[in-house]
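The chains carry the letters A, B, C and D, assigned in the order they are written, with residues numbered from 1 in each.
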Amino acid sequence: MKKIYVKEEWCLGCHLCEFECAYANSGIGNIVLALKDKEIDPNVKVLSDGKITFAVSCRHCDEPLCISACISGALSKDETGAVMVDRSKCVGCGSCVMVCPYGAVRITKEGTANKCQLCMNNSCGEPLCARKCPNGAIVYEEK
Amino acid sequence: MLLEGEFRNPAGCAISAIFDKTGARFSGESIIDSIAVMRDRSNGLGGGFACYGIYPDKKDLYAFHVFFTIHSARKDFEEYISRYYEIDSSEDIPTRKIPEIVDEPEIRRYFVYPKQKYIDFVKTGPDECVFRTVFAVNTEIKGAYIFSSGKNMGIFKAVGFPEDVGRFYMLDSYEGYLFTAHGRYPTNTPGWWGGAHPFGLLGLSVVHNGEISSYDANRRAMEMYGYKCTLLTDTEVITYILDYLTRKKGLTFTESAEVIAAPFWSRIDRMSEEEKARATYLRDVFSAELVTGPFSIIVGFDGGVMALNDRLKLRTLAVAEKGDKVYMASEEAAIRRVCPSFDKMFYAEGGKPIVYRVKGGKQ
Amino acid sequence: MKKYVLIGGSIATEGAIEGILSADKNADITVLCGEKRPLYSRPLISYALEKKTTDEKMYFHGEDYYEKKGVKAVYAVAEKIDPAEKVIIAEGKEYPYDELLVATGSKPFVPPIKGLESVGKKHTFYTMDDMLELRADLEKGGKVLIVGAGLIGMKCAEGVKEYTDDIVIADMAPRPLPAATTPEAGAIVQERLSSIIDFRLNAALDHFDGNKAVFGSGEEVTFDILVLALGVRPQVGLLKEIGAEVNRGIIVNEKMQTNLPHIYAAGDVVESYEAVGESKRLLQLFPSAYLGGKTAGKNMAGEDSRFLTDIPMNATNLFGVRITSAGLFVGEKTEVTVGEDYRALYTEGGVIKGFILIGDSARAGILTDFIRKKRPIGDLCAKELLAGRDLSVYPAEERRAALGGKYEI
Amino acid sequence: MIDYNVAPFEVVRDYDKCVNCRVCERQCSNEVHHYEEGFGKMISDSAKCVDCQRCVCLCPTKALKIVPNQNAFRPNANWQQKYLTEIYKQAESGGVLLSSMGNPEPFPVYFDKILINASQVTNPSIDPLREPMETRVFLGAKPQTIERDAEGKIVTKLPPRLKLSMPVMFSAMSYGSISYNAHAALARAAEALGIYYNTGEGGLHKDFYKYSANTIVQVASGRFGVHKDYLEDGAAIEIKIGQGAKPGIGGHLPGAKIVGDVSKTRMIPEGSDAVSPAPHHDIYSIEDLRQLVYSIKEATEYKKPVIVKIAAVHNVAAIASGIARSGADIIAIDGFRGGTGAAPTRIRDNVGIPIELALGSVDERLREENIRDNVSLVVAGSIRSSADVVKAICLGADAVYIGSASLVAMGCHLCRTCNYGKCNWGIATQRPDLVKRLNPDIAAERLINMLTAWNHEIQEMMGGMGINSIEALRGNRLMLRGVGLNERELAVLGIKHAGEV
């Protein structure tokens, strides 16, 4: 399936992806209105090991532990194989957080789980982080 | 108004040719009939003929056809060439006075051969001597213009419709094995006789229909090689290119055609290795002699004729054979007029030369 | 077409169905379910009671899950297995199988306590029916006594809190969540919740007298509604009687096979391989049930699949206090407190054995992965791992490969 | 000392749009932007800004723009602000003023005063979408006589040459003046496009030997990185005599840029300045050049064409004529607008002549002497578009070199501060964190896109002229007309004025 891959050698640590992600998932059409004076909690996070930076978001595993641990059915795979979240089902038990080896699922301040859904759940249709990465460090492709 | 040669003068045209493969000579009458059919491809501002095999008795001498447009010119000219040439004979070219042809200059022909010391001086042979003389006269002697300089051939041209020009020069009284004809449609009216076609140099003559887009690239190349383009016409530069390729570089007419209307790289890349190397070589080495844009030409040369269309075939050129006779013309009608039934008939393909030679080589 | 019969209708069964279908597209699967309901998520009962979710949503893959998967669901209690004939008898009918999964789960443990019969409204809290019955009583109001401060008891209390603040939780253990937490963590949970819940700890129940519970200490607690949450016992009967190897639960290998041919078992009913202690163990966890079932399913369908990464783990949220733990609390302990939060990491020979986090659990899965993979922490400092962690703590090659899509961590 | 100068640019931030994402701060190597915790606002220090536009491009909300500082010295047509500014700098530093890229001064751009012809009626234009439209070019000397074998077949052996899919090459830019990734992108693009890139005088990084078929290796006065394998690896060898941006003077790559692989590749110690002398010290006259040409041909067994690159100066035609007789196969001429990684400002802005005029006179001179076939002509020095390419070919060039245009395709915004070594676009820098900003995958694709587009445009223009092969365009000056040019200019260019037949 088409997934997000990260080429860390090209990551500039500019953090644009985080803001584009926040915008993409804001449900607001204008990027300024979406981000202005807002604390962002994006599904992609730029991390660093002290030497190099890289963006981390859900890997959409073939056999996702988060789904096998989810007691509420909030996490499931769609037909493409992407791992999606139905936050209306989530009870916020945090089992997914407990098992995700990438630390890519989180419980938001609303108390339910959230994660990257490849912008399938918003109006972008393809991951905005990849489209907007200035240096090809985040790509969305078939492998 | 600028005269021919002072500006570039695009022209549409009619061309036609009749050739006998055995070298048998026939009257110039039929070529007049043929070109006459295409009257509306001309506009009365230029017509002419190249006739091969017409001077059998003086076939080893160079026949200079010369226009004198001012009085002093003839004296200057004769003084000049008598310095370098043995003059066998000279005469006015006989003409028939007709109302359609007016303002004629003095028109004479000279049968000449370079003096030995001139040949020795030039070193590269009598042709080269004539080559130099033609350019010297046409650029340096005011009012004199050599418009034909081959052996056993002659060019006859004037301002007017070609059929009138033919009658004016009494072509019906000449016999040759090859006649080519040209009717001109220049896009303005300089009305200078020298500007009419065919254009010739030594044994070469070219009639041409089209307007080439590579003109200045070709011209500047030719000038580098010592040709002076005084007329700024396509026909002139094509003639020089052919002279350069065949006489100076020793290419065959077919090879020359491959240079002038080179095959596309897409085709070359599909050729056999040997063919590819050859074609690539010719395109690479003679890139400046590639001619682009529309043209159909009929090239007369000593002992043969070549028809050639541009690589995209942007002009039409019909060819027919009947017995030993070969007919070529811009329009099929011009052939049917003089040869109602033929053995075979076809149209020249883009970039594919059609060459006929007199059986048993030169006449 | 292979016949698969799955006894039991919960998470292990779901896992098995997914496992079988992943390997055998046209499998003929029959589920025998004594609990007469379509597949639902048991851990949701407290949330349903608490009204954090609805009864409908408890059918977490939809009430039509079996239909969607093309599975025959028979709501009947399996009474007998005939391994020779390869048939199961349930409520008089025979169900032949090629491969059998026993996922009978467990039952709430109700010890024989004097006077229990005299109690009016008494409940256990394990199935959806339990929840519905309890809710019916709660809606009529009254004081609630929950015996047992384990996870079930505590989650139940959270639900009950929706109906009454008058809750007592009693346990003979000295602290809540005795099994799922460490003494330190348990103490913190107790301290955090004591304002909300009336704990009676170190309290051994002596007997009941109508609506009164009397403890060994002589202390008495009156109540209107009693919930017994004293743990559960695997339902091993079906297999025990045909000679399967059974300890507290049914013993299975890494392929979830019992010692009987063509018979597998998974879920709360089994003692399976546990990766930290590297021994057979009764885990009774949701992910273990699902993954165990899936492993069983794949093997039943002829693949070779082994479940080698099963470890104890638990994530829950009690009255806003988040408790996340994994592995075993053995070896060298490192503790940190970050603001309100308490965190402890247990390591042995440079390998993480277990952890427990009270409060923020962000990216806990990374610690879990260290445990599951027995990945040495190298020069990473335990304190820092507790303070905060992200993908950068993995070896660079592993991280690069994972992000580059060459493999999954 | 107080700074008498004012910031040339002003950073204008629209605070209604700024979302404090701090991308600008992270992307500016000149540390113009920073987040002021106290105010919860981004603050900009315009004085440090070089107007490279990196922050403007990356700002997700387009909240930034860089404008010229409106602050004005008292207007003076003679003492323009620029001169005062430069004097202040020199009064402060006592140093030679340095600048980068091409001459920015308002000298006439002749390409912009030349118009191209198209066919009407008398001959047809050609539709490149329907008919073949050929842009393949060979560079190299042409044989004077045709050899034939015993059967009279033409012997097709030719002097060494370069085969180009289109008449454009990437001009010399050294590894050191530009980054590893920039070089990687140029090499990949050249390979994909079937053209050539040029190592410049920085040597050739070992990683790029695999692109040898599309590599021109340069031998300059510093001889940096020149060794046997280097010469043998190139598809052609270019002797650099001069550069349009700084005719008559050498090069100077500061030691700061001679780090790691750069020093290895140049074969000089880390941190030592790479100073290329003004002249080649083995070429003090034309016959010396001939000797170098032939020693290189000897060294490479006459298998590779030798290019001699000179700057366009006043007597360029005579010089070219000398080179055409020196055994060189190709002459490259670099006009006074050619780019550079660093040059003394005075030289860059006041020395040399426009490439259009140089080309006009060189092509004509070589033809007058009938030696045009001895060499191919490649011109450089600010070819900005496919139209410039077509005009250059019509004036007589066989092909063009593009330097600045290729950098621009990769992101360069011509801020002309390459010499600072802090290129925010990862092009003219060796700082690893900045070099990383140029992903060769993207940069190569952009180069390929640009030249693919140019080639389409060239074909469109050729088709309009009724020309379907680039050879027929070369030296075809009749296809050009001048506008607003005087007699002398037209004469040097060898073209007529618009309106003349």
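Just so we're on the same page, a residue touches a chain if its C-beta (ideal position, glycine included) is under 8 Å from a C-beta of that chain, and two chains touch if they have at least 3 such contacts.
None of these values were measured; they are calculated from a predicted model.
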item	value
From chain A, the most remote chain by mean C-alpha position	B
Intercentroid distance (Cα basis), chain C paired with chain B, Å	103
Chain B-chain D separation of Cα centroids, rounded to whole Å	47
Gap in Å, rounded to a whole number, between the CA centres of chain C and chain A	29
Chain centre separation in whole Å, for chain B relative to chain A (CA means)	78
Interface hub residues of chain B, defined as touching at least two other chains	none
Of all residues in chain A, the ones touching two or more other chains	none
Sequence positions of chain C contacting 2 or more other chains	none
Contact pairs between chains, per stated definition	A-C, A-D, B-D
In the complex with chain B, residue positions of chain D that touch it	119, 122-124, 126, 131-132, 134, 136, 138, 142-143, 145-146, 148, 153-154, 156, 158, 161, 367-368, 370, 372, 465-469, 471-479, 501
Contact footprint of chain A on chain C as seen in their complex	15, 41, 43-44, 47, 52-53, 57, 60-61, 286-287, 290-291, 294, 313-317, 322, 324, 326, 361-366, 368-369, 389-392, 396, 399-400, 402-405, 408-409
Of chain D, residues touching chain A in the complex	16-17, 19, 21-23, 26-27, 57-58, 60-61, 63, 436-437, 439, 441-442
Residues on chain B engaged by chain D in the complex (per definition of touch)	2, 7-8, 10-12, 187, 210-221, 223-226, 249-251, 255, 262, 264-266, 277-278, 280-285, 287-288, 290-294, 311-312, 314
Touching residues on chain A, where the partner in the complex is chain D	9-10, 12-16, 19-20, 23, 31-32, 35-38, 132, 134-137
